[in-house]
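Chain nomenclature is as follows: A, B, C and D, assigned in order of appearance, with residue numbering initiated at 1 for each chain independently.
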Amino acid sequence: MVILGRVLETGTVQRQAATRGNVVQFKSVGLRYGSGPEVLQDIAFTLPAGSFHFLTGLSGAGKSSLLRLMYLAQRPTRGRVLLFEKDTADLARSQMPALRRRIGVVFQEFRLLDHLSALDNVALPLRVAGVSETDVQRYVPELLTWVGLADQLHAKPHTLSGGQKQRVAIARAVIGRPDLLLADEPTGNVDDQMAMRLLYLFEELNKLGTTVVIATHNEALVTRFRHPRLIIDHGQVSQVAPL
Amino acid sequence: MIGRRSDLPLAKDSTGRFLPLLVALMVFLSAVAVAGVIVLEGMIHRWDRDVAGTLTVQVTPAAGNPAESARLTDERVNAAIAVLQATPGVASSRALPKDELLALLQPWLGSMELLRDLPLPRLVDVTLDQRAHVDVDALALKVGSVPGASLDDHRVWLSRLIAMSRTIEWLAMGALALISAVTSATVIYATRTGMEVHREVIDVLHLVGAQDDYVARQFADRAFTLGLRGGALGLALAIPAFVAVSQAGRRLEGGFVPDLSLPVYGWALVMALPLVAAFLAMMTARITVHGTLSRLP
Amino acid sequence: MIGRRSDLPLAKDSTGRFLPLLVALMVFLSAVAVAGVIVLEGMIHRWDRDVAGTLTVQVTPAAGNPAESARLTDERVNAAIAVLQATPGVASSRALPKDELLALLQPWLGSMELLRDLPLPRLVDVTLDQRAHVDVDALALKVGSVPGASLDDHRVWLSRLIAMSRTIEWLAMGALALISAVTSATVIYATRTGMEVHREVIDVLHLVGAQDDYVARQFADRAFTLGLRGGALGLALAIPAFVAVSQAGRRLEGGFVPDLSLPVYGWALVMALPLVAAFLAMMTARITVHGTLSRLP
Amino acid sequence: MVILGRVLETGTVQRQAATRGNVVQFKSVGLRYGSGPEVLQDIAFTLPAGSFHFLTGLSGAGKSSLLRLMYLAQRPTRGRVLLFEKDTADLARSQMPALRRRIGVVFQEFRLLDHLSALDNVALPLRVAGVSETDVQRYVPELLTWVGLADQLHAKPHTLSGGQKQRVAIARAVIGRPDLLLADEPTGNVDDQMAMRLLYLFEELNKLGTTVVIATHNEALVTRFRHPRLIIDHGQVSQVAPL
């Protein structure tokens, strides 16, 4: 935990002035794909800076869709999505990269770059943001070691097991110490012990000010880590206090 | 670390082998077409000057005893001159005096004295108006209607050759346009498939906060490199071809085919082709990537 | 269900638009090159026959009084014949009798009686050995060393034109080879990228028990269709080009450029080009797919 | 359960004479990737026809590698792998398709074909095997309905949620009623209730004679369904009776 704290605290380079206010705000948001039914209906909630939520719901309920709205891979069909108190509908295309650098995402399908090593994959957000190579070489291996991949620094994704890929994806999401971390089923491919360890990582990050949302089916984790929940059911989101 | 350059694994695509090859062919063909057009243009220009400047009508002597023959021949010559002067675009026409005619024949026939009284063919020098376009073919027909008169067929033939050269020139330009279009299409295709192959990578780069240009630059740089490499190869193939043709041309120095070697500006143009191709490839790639990306969310 | 045909989503690839365009250009260029080679070949063949068959040496009359001139001229003619007979490949050479000479001059000069005693230029007919290759250029030089004698320069010039046409012919064949190579390379490229784009799909097809040929057939069929489509387009572009050139050529009927239209077998060859291209594309795709697949586990 | 039984029993068309003997046999198999260490060492075990095993082990232990050896996506670096009592080393490339049609695989990353609908994805093994379109249209929708995707028959994979994709992948693996079913983490993206339902599907198939191997991290499932385990640890496989 000590090492992790150091990596996260001193290591990540993009630290901004601590975010205040509401990081995510949904105002009567509706989402429909094509001409299908509304997958999300009249969603309204607010995630204040520094909060930590689990996002649960049956398979196909709309968890990934909700996260996609938050990381701007999807536009709502109605209503407004505000990030860091700015309406995302008003954003010009050229303003998106800067905003996206403040958001770390663990994708349900990992989405690692196959031709880059684990190290280069994790370094990507730093390099895109123009962080110096010295810093990259200092902090990336440290974080990968922490998630148990010290031996796989230079392995390409196709040589990694499912759970190893998932951990690389998580490292890539947190390395930039984002203001908002969105993780979609981040423990579906790892054993319970590793799942625990990864949850600690998210909590550590949260303590440093990152707002965290984790979509998961793992009831054991939700019960063990007492954080409020967002539950999606039939297109509606309800906020529920920790169990 | 090779840094940003390696974010997209473009170097491993089969595009790296294919695009240069295609650009090489295109540059080779373009070079041949450009050189061909320049040479033809020069040829046509000279021929045009010849044809436009002057024509010769020749009138064979009429049969009969010397006096009558001379009178009839004079009539023919005058009829030909009348036809010529009625033709728009003909500036002047003048029958060649016998002296000049004999001077022309002299190298053929050792001594001249005996020829003085011979019924010789007569020549009419025709000067054309430089600005007017004269249909030499039609004129030849008209002149042909005068008995014994005919337009010098070397000139008629030249004017037809010009028409044909122009057709070839248009073909070459058409081929050139087609080649440019296909080269662009190829680069667009290669870029699009490149983006298709690397769609996931591009998506992820975006999601971690890369700008469109960060991606476009990588494709554009690569297209430029590949274009230049291919262009250089194409040029390397084209130059021996030129040398061979102009060597063959030089051996014709006596014939009607003029100097087949390129003027300096022609060489400059041909030498610039690889750069043009590389630039075309780069711009096409850049525009394609930006266009494709701006359609993403 | 469209069945097995749709297992690979090839129809949506940008290859569908690009490959026909490229094949069209290639077929267009091939058609032009093939037609060019056939026409040139025909021309060269005719010219070759002319040049190979006979040559004419002309000897201008020497100056002086008629008797002396005649004697000196005869000497010149004999010297020229001596030179010719010493040249390997010359089958025979014969001085044209004065009668024949006068007959040749007749259309130029109305009456002949007065010419009988004129010192006229003399002509020597040369027959070449059909099998031997005679360097006409070198022969012209040798003949030129005899005072007053020169080889008919039309023939010399034709032989040079043949050399140049041969060069162009080789160039066209080179271009044709290059074009075939690039077309194959393009199909290989398109197939490889297609397989790269659909690698996942192909992998899965294998894992659910599809044969290699199940995959190869889909690529091959598609390449054939695209090749044929492109070939037809290229041919459609080539035909107007031919018509334009042969139109221009026909207007030259009087000149040395013979009939520019294609013989029937030429048309058949050109018409077959789209099929050849489609077939080439299909086989290339099939071989590429099998080759690539056999390297998988 | 009744419906499922019918689909599986009457529906799947490739039924062969019941397999007997040993479906999978590993004889001192070793696997190393490139010049790395041996991921699997001296593996020897036998799975008799009609058996049902869970395959467990930490993330990166080699579960997916072991399964890949069984479905011939990977050759062992030493030792012998026998399928249906035939040595796979002796197989010609042209014999592989026939063998693969007897094996159903649920991949950890699903590997659905993006351009085909859920129905066409599931129909793929049948079509490749030349099953009539009437049969395809009869049984595929029935099976998809059973895994809860009645509304998504014609949806393309990219419009499906993670759990929905996983279910399509499972349907594709079982539709041909294979003699050997290999499932790699088949419940990582679905909720516990759906996981249960899917396990019932595998059991049903097993009752009809299919040999089943399921790699999973889900301890709850392994405890609930009492089947013997294969445990991979440090490159060694041990067979353990049900808990």
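To be clear about the criterion, a contact is a pair of C-beta atoms (placed from the backbone, for glycine too) under 8 Å apart; a residue touches a chain by one contact, two chains touch by 3 or more.
The shown structure was predicted, so the numbers you read here are calculated from the model rather than taken from an experiment.
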Touching both chain A and chain D (chains): none
Chain at maximum distance from chain C, centres defined as averaged CA atoms: A
Length of the line joining the C-alpha centres of chain A and chain C, rounded to whole Å: 68
Approximate Å spacing (C-alpha centroids) for the pair chain A, chain B: 64
Between chain B and chain C, centroid-to-centroid distance (C-alpha), Å: 19
Residue numbers of chain B (touch at least two other chains): none
Shared interface positions of chain A, touching two or more other chains: none
Category of the chain touch graph - line, ring, star, complete, other: ring
Inter-chain touch pairs (all): A-B, A-D, B-C, C-D
In the complex with chain C, residue positions of chain B that touch it: 13-15, 17-18, 21-22, 25, 28-29, 32, 60-64, 66, 69, 73, 107-111, 114-115, 117-121, 137, 153, 156-157, 160-161, 163-164, 166-168, 170-171, 174-175, 178-179, 181-182, 185-186, 188-189, 192-193, 196-197, 237, 241, 244-245, 247-249, 251-252, 254-255, 257
List of chain C residues in touch with chain D within their complex: 1, 3-4, 6-7, 9, 12, 200-201, 203-212, 214, 294, 297
Residues of chain A that touch chain B when the two form their complex: 71-75, 93-94, 96-98, 100-101, 105, 111-116, 120, 123-125, 127-129, 133, 136, 172
Chain A contact footprint on chain D (complex, rising order): 33, 58-65, 108-109, 159-164, 166-167, 184-185, 188-194, 217, 219-220
